[in-house]
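What follows is a group of structures, each given as C-alpha cells.
Here come two complexes built around chain A, the first alongside chain B, the second alongside chain C.
Moving on, here comes the complex of A and B:
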C-alpha cells in the first residue's frame, strides 16, 4: 500500500490502543477512536475497500514502530460498529471484505448530484468512467471511487429519482435528471 | 438484450438516443485510455532513448526515435477520431434538444388553440352588443340628468336673483 502522510493520533503510538480494553468505558472510547481513525485514514488514502485478511499490510492496523497490530476479530467488530452508522458494509458473508464509506452512501449521493447539477449535466448520460475518472472530476473527492461503491451510491440517487443507472453489455453509465 | 427497468418501478426515462450517446461516450473513454497508454509509453521511451545515447548506442536510440514518431502519429490520429466522436455526440444531444423545443412549441400551440376555441365569436359579439346597449342607456340617463340639473340650476339662479330684488 502506498504511504500517504498520515497525522496519526496519540493513541496510535499507545500500545494498549491495539488491545481490546476490558473496562466498558475505556473500551467505548477506544472503539470510538478507532472508528474515527479508520474513516480518516480511508479518506486520506482514498481506500474504499478493506480486506481484513490483509490487515497487517495496512499501517492503519499495524504499527510496526511499537510492534502492535489489531487482531482480526477486533477489526471485524469495529467495522461492524461502523456498519451501524452507515459508514461501512461487509460485501461477503465471511465478513472479510468491507467497503468503507467515510461519507455515507447518502452523503456521496448528494455530492455527486451536486457536481452533476453544477456542471450542467442534468438530462444527459455519462459513462461511469467519466464520472469518477474523467478530467472534469479531478478536484472532486469522489474521483477514483471504486465501481462497486459508485453503483451503490447511484442506486441511492435512483431511489430519489435523480438518476437512472444503465448497465448493459459494453455500457456502464447513468442518466441524471 | 437490454435490462428491463420496469419491474415495480416507473417506466425508464432512458431513450434509445441516450443509449446511443452512452455508447459513443464509452468509445471516447476507450480512446482516451488508449491515448494515456501511448503517452506513458512515449515518456518511457524518451527516457530510454536518452540513456541509450548516453551509453553511445546511437543505432538503438535511432530505432527508438522512429518508434516514438510512430506513436506520436497514432496519438494525432486518435485525437482526430476523438474529435469525430465528440462532434457526433454533441450533434445527437443537440438534436434531442431540438426535439424537445419542437415538442414545447407543439404543446404551446395546442394550448393556444384550445383557449381560442373557448372564445366563441358569437359570444363575443353578444357581449359587445350588450356593452353597446348599456353604454347607450347610460348616455340617455346622463342627458336626462344633465337636462334636469340645468333646469334646477336655473330655478336656483332665478330664486337668488329674485331675493336681491
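Moving on, here comes the complex of A and C:
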C-alpha cells in the first residue's frame, strides 16, 4: 500500500491511545477520536477494505515510532461503532473483513447520481469499470472505488428507482434514470 | 497581730480597680477610634489613588498586583464589592471578565485534557483568544490566579491545584485533588507526562498501595490514561501535560465586555 502523508492527530503519538481506556468518559473520547481517525485515514489513502487480521500492516493501527499497536478485538469494537452510523460494515461473519465508508452508502449514492446526471449519461448503460475508472470521473472522489462497495452504492440507487444494475455474462454495468 | 481587712478597704480597692478599668477602656476606645480614622484616611487615599491610576491598574499587571496587595492589607477586596466606589472603578469587572474567559478556555480544552490545564497553557490560550491589542495581552499569572480563586464560589467544579515552585494547574471538573495527586502531577510534568508505581516509589518513596490508590483515583476522574503496552509495567499518562496537547490550536475568540 502506498503511504500518503497523513495529518496524524496528537492522540496518535499518545501511547495510551492504543490501550482501551477503562474510564467510561475517557473511553468515549478515545473511541470518538479513533472513529474519526479511521475515516480520515481511509479517505486519504482510499482504503475501502480493512482486514483486521492484517491490521498491523496499516500504520493506522500500528505506530512503530512509539511501539504501540491497537489490539484486534479493540479494532473490531471500534469498527462496530462505525457500523452503527453507517460508516463501516463487516463483510464476513467472523468480522475480519470490513468495508469502510468515509461517506455513507447514501452519500456516495447521491454523489454518483449527481455526477451521472450532470454529465448527461442517463438512460445509457455504463460499465462499472467506466463509471469509477473512466477518464471522465477522474477528478471525482468515487474514482477508483472498490467494486463491492460500488455495487452496494448502486443498490441504494436501485431501491430509489434511480438506476438498474445490469449483469451480462462477464460484464457488469448500470443504467441510470 | 495582723489586722484583717475591713469592709471599707475592700470597697476602696474595688473602686480603684473599676477606675483603672474605665481608664483602660477609654484608652482602648481612643486608640481604636484613632486607628479607624487612620484606616478611613488610608482607604480614602487608596480610592483616590485607584481612580487616579485606574487605567494604569487595568493595563499594567505588576501595578495591578501591588494594588491588590495594598487593598488586602487593609481588608478591602475590590473583587467582592460589586457596588459603590469599586464597581465604578471596574476592577472587579476586570477579574470577572478574566474568570469567564478562564471558564471558556477550560471548556474548550476539556475534551483534550480531561479538565486539567497548566496555568502557563491557560494563559497562552487566554491571551491568544483575547486578541491583538496590547492591553488585552497584559494578563499576568497573578491575575489568572486571583480570577480563578473567585471561581471557587461555584463549588467544587473549579479548583486551583498548587504544584510547587510557583506552578499551578486549574482543574475544571468536580472532584477533590489531594496533596498526593498534586505530587503525581508534579512528577509527571518532569517525566514527559507519564508516571508509574515504580517511578513514584523511586522518586517519592511511596508504598505501592499509596501510589495505586492515587493513580486509580486520577483515572476515575478522567485525568489520567492507562497504557498497558509498556513491557515493564503499566504506565499512567496525563494528557494535559503531554507536549503535543499544549501546542494544539483551539478555536476561541473572546468578545470584550469591557473597555
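Criterion: the second predicted complex is superposed on the first by the 177 of 177 C-alpha atoms of A that agree within 3 Å, B and C clash if a C-alpha of one lies under 4 Å from a C-alpha of the other, contacts with A are read in each partner's own complex, and residues count from 1 in each chain.
What we mean here is this: contacts are C-beta pairs under 8 Å (C-beta built on N, C-alpha and C of every residue); 3 or more make two chains touch, one makes a residue touch a chain.
What you see is a predicted model; the values in this text were computed from it and never measured.
Q: Let me test your reading of the model: by the given contact rule, A:26 touches which partner, first (chain B), second (chain C), both or neither?
A: In the superposition, A:26 touches chain C alone.
Q: Contact-wise, after the overlay, does A:10 reach chain B, chain C, both or neither (first, second, both, neither)?
A: Only chain C; A:10 stays clear of chain B.
Q: Between chain B (first) and chain C (second), which, if any, makes contact with A:171: first, second, both or neither?
A: In the superposition, A:171 touches chain B alone.
Q: Who does A:93 touch here: chain B (first), chain C (second), both, or neither?
A: A:93: touches no partner chain.
Q: Check whether A:126 is in contact with chain B, with chain C, with both or with neither, and answer first, second, both or neither.
A: A:126 contacts chain B only, not chain C.
Q: If you look only at chain A, which of its residues touch chain B in the complex?
A: Of all residues in chain A, those touching chain B are 124-127, 129-130, 164, 166-168, 170-173, 175, 177.
Q: Contact residues on chain B for chain A in the complex?
A: 2-3, 5, 12-14, 18-19, 21-23, 25-26, 29, 93
Q: Provide the residue numbers of chain C that touch chain A in the complex, in ascending order.
A: So the residues of chain C touching chain A come out as 111-112, 114, 194, 219-220, 222, 225-230, 235, 237, 239, 242, 244-245, 248.
Q: Considering the complex alone, what residue numbers of chain A touch chain C?
A: That would be residues 10, 13-19, 21-23, 25-26, 29-30, 67-69 of chain A.
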